[in-house]
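Here you go, one structure.
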Amino acid sequence: ETLTVSSWGGSFRDLIDETIAAKFTEETGVEVEFITGGTIDRLNQAKLSRDTPESDVTFTTSHIGWLYTNDGLFEELDMSKIPNAANLVEQAIISPSHIGAWAYVYTIGYLPEAVPEGMTFESWNDLWSPELEGKIAAPDFDPSHIISVAAKLEGYEVEDWMQASDKLMALKPNFKAFYTNDANSQQLLSTGETPVQVMLSMNAYHMQSEGLDVQIAIPSEGAVLGVDTMGITAGTDKEELAYKFLNAALDPEVQAKIAEIKKGSPVVSNAVLPDEIASLPGIFTTPEQWESETLIIPHDLRAEKTAEWRQWFSENMISNN
Amino acid sequence: MSNENSPSVPPNTPQHPAVQIDGVGKSFAGTVALEPVWLKIRQGEFLTLLGPSGCGKTTLLNLIAGFLEADSGELFINKDLVTQVPPHQREIGIVFQNYALFPHMTVAQNVGYGLRTRRVSKEETAERVREALALVKLEDFADRKPNQLSGGQQQRVALARALVIRPKVLLLDEPFSALDRNLRTAMQVELKEIQTRLGLTTVFVTHDQSEALSMSDRIAVMSRGQIRQIGSPTDIYDRPQNQFVSTFVGDANLFTATLVERSETTARLTIGETALQLEPYQTDLPDPGPVTLFARPEQCRLTQAGQPGTIPATVALTVYQGSYAEVHLDCAAADNRVMQRVPANEAPSRGTTVGIALPTQGPAIYSLNGEAQ
Amino acid sequence: MTKRPFLGWFALPSVLIAFGIAASFIAIVQYSLRAYIPGSLDPGGFTLENFTTLWKAVYGQAFVNTVLLCFWTAIFTLLIGYPLAYAMVRAKSAKLRSAILLISLTPLFLGEIVRTYSWIIVLGNRGFVNAALMQTGLIDAPINFMFTMTGVVIALVHFTLPIVVVMLAAALSHIDRNLERAATSLGAGRVRVFATVTLPLSIPGIVAATSTAFAWTFSAFATPQMIGGGKVQTISTLVYQVGFASFNFPLAASLSLVGLLFTIAVLAIFNTGIRRLEKIGGHSQ
Amino acid sequence: MKKSPLDHLLDWSGRILLTLILGFVLLPFIVVLIASFNDSAILSFPPKSWSLRWYANAIEYRDFGKGLVNSLKIAAIGATFAMIAGAGFAYVLNRYEFSLKTLLNSILMSPLIIPNFTIGLGLLILSTAASLPRSIWLVIGVHVIIVLPFVVRSVYVSLQNFERRYEQAAESLGAAPLRVLLTITLPLLVPGLVSGALFAVILSFNEFTASLFVVNQRTQTFPVAMYNYVREYADPTLAAVSVIYVIVVAALLLVVHKFFRLEKVLNVE
Amino acid sequence: MSNENSPSVPPNTPQHPAVQIDGVGKSFAGTVALEPVWLKIRQGEFLTLLGPSGCGKTTLLNLIAGFLEADSGELFINKDLVTQVPPHQREIGIVFQNYALFPHMTVAQNVGYGLRTRRVSKEETAERVREALALVKLEDFADRKPNQLSGGQQQRVALARALVIRPKVLLLDEPFSALDRNLRTAMQVELKEIQTRLGLTTVFVTHDQSEALSMSDRIAVMSRGQIRQIGSPTDIYDRPQNQFVSTFVGDANLFTATLVERSETTARLTIGETALQLEPYQTDLPDPGPVTLFARPEQCRLTQAGQPGTIPATVALTVYQGSYAEVHLDCAAADNRVMQRVPANEAPSRGTTVGIALPTQGPAIYSLNGEAQ
């Protein structure tokens, strides 16, 4: 018997495999099998195979999780079957059907020796510096970070992001590339192709561990919070095991291990982290940190707007005309 | 190899034709490759199809073999109508110019192929293959692959392979044209000997007149999809029935002449200034008027210039050929240059004027331009 | 006489496959005429909207990019491939000939991924070329190859080179050596022999090679995707993106369809142009 | 022969040009070879320290193993189908006239100009419309379509050079059509069939673009697995894979060269 | 075409050799294609290289042309050392077997090519192309492409193209072997006429002995990379210096004999039971002992059986050849069958015993097995 988990490929799958799945297998004796793919790809795949689900548990981002939920692709969760969920921080309880597994931030990562002397990115505004022309990269799959930052800098709510479109356009000359996936992001950084990136904190830490001198800045406006979530696929015939898996994921030790390996933030308040980890930027261990260092785009809004943002972004920012 | 008078027919042969071709013709996409042909090939006969390239020899052979389907007419092999019978049931043997030995089989396997298709027992196959190889003197080569044999040896294997199935008819399509001169002569002799010994009905295709003359019981001379004359080698050489045959087989000296008078056996004609009386071999002479007179070089003689009854000519050039020299003569009365052979040391020098003496018996008279080619 | 033994049995599998190809083609045409319903994989009713969408600048740009890529790739591949093919056919030593053949051929069988990945390592900012140039002090800031047309063209040239070399070599090797010898005996030096005999007689090979290079480049996906990094969008990368990022299959289908018609048109123009050229230039026997 | 200065210039510039071009062809593989031994995940030339860890990783990484198995399976089955269909069609094409021959031929050859992504997309749409699962058979179908023209071409060329006389000789010896086919035609076509099969296997094994459209996690081919790896990890594991790949392909070609002579297979002499 | 005694040398020709070959040899990858050769070709001479396939004829021609680099030796054209001169500066004209016309150029462009490379003015080029085409009677074909011409016409264009540059030497490599018999003879005559008229030094390669005998001033007979004899056609045919030449050129009857005694000009020998006294043409006879006696068929005569001084033989078969018949004889004293030609109607029938009368003057005596081939 195996439990099938749908997740991103690469290091995230490895992460789940080494931490949550290991714990789960230890507790239940059931092996875990993965199907992997991009966030959107797996969403569509799930829609396609709605009647005969290919997986039992699905990992996805918080806002795409809303799409699963709205489409009825997730079971509503019975929290009583997930004892460890009692300690979930409030920002990680996304919907009745999906909950956080770990948190991260999208923030500014940079190579100190490749940016103008003394630049430290106290504010997101520093990205607009003319000295950074042709030096920046951002994800092409998710423009929400930079859009919400621009709105905030201009003093608008995210809903009114169009008001900040001029501000966004002003950043265009500074973009060198848009990375298509995490590996791409790491490559761009490690080759010095784009010494400044709007990037996933976890990636930056990973590069540090490979010996790259990358700095992670948390600007005063806050870093854009992201929560990776999990849900139980609707129609699964292994519901019991799926709950056990979710519970294993929220086990404090597992959460601590995730933080240690991936430098993501635990989503339960009772995880105990070593100091040197807990002090890293982008890892939140106290309610104050969760509050002050993050810039939160409402998940449902984000889910709703993603398509619109993407289209605007690819037609106006990415395309080179 | 051949004697005009005695085609070697084994005693107990049935007397119906081995192959009978009744009005068989073939066109390819509108162009006629073979006009309808009527032909009977006798039991044990060696019949040669002779003609220039593209005249339809291979087409006729393929029709006999069944590789092509006739547009019209019927074909009998030993009295059986085979027009609709597929090639593999016609029991014919074939030898091609480029041998067509199966390169992936040994000599013995090649020769045995036709026996295996007939489900002959292993022992008998081995025995008959051995015999066939002995016939072509290749007993020791049974286990070689074709590419380990010389051209002549390959040709012999092809022959053995065709013979071993005891075919009703043996067909050969220019089998020796890829061999060099010496080997070719040797193979001609060998084939003829085997064919005579076995009394095999054989249809042989060639465009080499010397080969045709030396091997055949009868020759069918073809041109443009038609049989122009059929007869024994001496018929063809000594008594060509038309100008095409006269020039295609052997060397021909052709003179422009005027037929003045004809009787049953003799003709009186003038060539330029010269008046002649001849006995041609033909039975039906053309009407009096302008004609072409044909004679073989060896029927004519070179004489001193101005001898009475000779045709004046000038030596245009002499060509040394070792055992003899060719004298090419410009002659007002001839369509082309006239050629005579003389012993190499007797060749007159260029520009000498000479006379050409024509034979009084044996030449032919063709109506003028009765022949295109 | 059985006139056509095996016809049915031998043709059957390929007829089935042909049906498959035709059906998938029809599927594309059909989808290209259907409306996209966001969030649904089933297409909506019939519409021409997909084709009007294609007028947008992004898609136009992708077409232009693709054409430019094909054009430059074909030109550089020919320029590099011709000498290589010539050397492969004409090198004096048989060992050298075999070596050239093997070296040119191996990449053909390596597939797009291995080769593209290799070029990323060569061309990146910290890649081999930039590292070498910086260490020798020739430049002090890395040259940008990644995410540029130049980088994509370099990798694509490498991608199409083997097939072009093989086709050119086939053409060159079938030119009768005696023709060149005849020209030499008539007093033509090597350059002249090449320009007046070898080159004109290899035109059919050049044509075949160029159309193949064009088709290959047009079809290439991994190279523009991985080296262009979203900055150099081509029809192939767009089709994938539209299809698999937003699952807008109708739009992807119409994009494919237009791309296909475009290829056919270009190859047709190319072939007629060439036939005219051949008439002027004559052909090798 | 004494050479004029121009000749020397031509010789030398030719040699230099040839070296440069061969260098261009080989450069990526040499660079990849170096990179694959770089101890760090971060690219640098020359590498600061060396290790074999990426090779170990390449061998251990599960998706590669699964992809390799899938690719081998797909290439083997697909090439077999393509050989059967392609050889049969080449025979029919060479031997017979029949109605719709031209149409059939242009449809089967069209994958030579239809971009692979279009073929992949077409079959994906088709299978979705027919509610067929994205199984390995779909991938095999796509591969058969893509490699078929190459098989038809190689077999057709050897059929064209095939000496019909062999078959006629066999027929005259009493062999019925099927026997001729089995004992004469097929054995003599072996070189053409081998080169067709070689192309089919190698092209199928390397096919990427169309596969990307039709595979799923379970049917992922080796090239798709490599592509996904590059998208998911930024380390030189793929350099190690590439090195192994190059060596295997080059060795394979050397073996083929030894037995069949590539010049002949490719008709370049 | 040729006269043994007067190679046509135009009056004001310098008297040094047109081509001088001093020990030029060539190997390919260890196998010797041409042993070192010494040869002087006279001004205006028509020299033929004759030999079986693979004997090195083309190799020697390519060395003269400069397409191959010699391993050893030196080569002079008109006194100039050209060993190191590239082909395009040697001023030679070449005609190949397969014509090698540039398919993408018209006839006029083909012929004018060599003039354009020499930067001859437009007007002069046009004029000389016209002249050259007139020489080969193709004035009206100037604007055709080669593929619109027949084989013979293509061959003539190739000749015109080679001639128009007024080459110091004309090289021809089996130029006529792709043509059929009639066209071939016509082209031979034409080439010889043009060559004689222009006084062109010509090296002609062929493996056809009749072609060599009829066209050449001198023939170099080659075998296995060596020149085995060089001399005028009559030298070669009447006085072959070794057994290879005797059998390769013309028909040879070879008898096993014992040389009993020799003087300067006469030899006494026995063939089987028959004792003979002869005057061979050779100056150096082999030592007494077993030898091979060579005579041409036309030097021998068939006689009644048992005539004194004749060699007894039995008719093995007769081969009809139209103008004559070949009589093949089994003869105890001959290595192979002996062949004699007789008029077609005088052929003795198979099994007849006859005598062979040998000539008392003119045969040759070779030491036994002194010759491999």
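Just so it is clear, A, B, C, D and E label the chains in written order, and each chain counts residues from 1 on its own.
Rule of thumb we're sticking to: a contact is a pair of C-beta atoms (placed from the backbone, for glycine too) under 8 Å apart; a residue touches a chain by one contact, two chains touch by 3 or more.
Fair warning: this is a prediction, and the values are worked out from it, not measured in the lab.
Undergrad: Could you pull out the chain whose C-alpha mean position is farthest off from that of chain B?
TA: A
Undergrad: More C-beta pairs touching across which pair, A-D or C-E?
TA: Higher contact count goes to C-E.
Undergrad: Where the CA atoms of chain B average out and where those of chain D average out, how many Å apart are those spots?
TA: 54
Undergrad: Where the centres are mean C-alpha positions, what is the separation of chain C from chain D, in Å?
TA: Here the centre of chain D sits 16 Å away from the centre of chain C.
Undergrad: Distance between chain B and chain E based on Cα centroids, please, to the nearest Å.
TA: One centre to the other, that is 29 Å.
Undergrad: Which chain E residues sit where two or more other chains touch them?
TA: As it turns out, chain E has residues touching two or more other chains at 86.
Undergrad: Could you pull out the residues of chain D that touch at least 2 other chains?
TA: Expected reply: 7, 42-43, 128, 177, 230.
Undergrad: Among the residues of chain C, which ones contact at least 2 other chains?
TA: Answer for chain C, listing residues that touch two or more other chains: 2, 41, 124, 126-127, 189, 244.
Undergrad: Can you list the chain E residues touching chain B in their complex?
TA: 1-4, 52-53, 180, 189, 209-210, 213-214, 233-234, 237, 249-251, 296-298, 317-324, 326, 328, 341, 343-344, 349
Undergrad: If we count contacts the way the header does, which residues on chain E are in touch with chain C in the complex?
TA: Interface residues on the chain E side: 65, 67, 86-94, 96, 98, 100-105, 113-114, 117-118, 145, 147, 158, 161-162, 165, 171.
Undergrad: Which bits of chain C are touching chain E when the two form their complex?
TA: 176, 178-179, 181-189, 192-193, 196-197, 200-201, 281-285
Undergrad: Within their complex, state which residues of chain D touch chain A.
TA: The contact residues of chain D facing chain A are 40-43, 63, 128, 216-218, 228-235.
Undergrad: Report the residues of chain A in contact with chain D in the complex, numbered from low to high.
TA: My answer: residues 8-11, 34-37, 45, 48, 180-187, 190-191, 207, 210-212.
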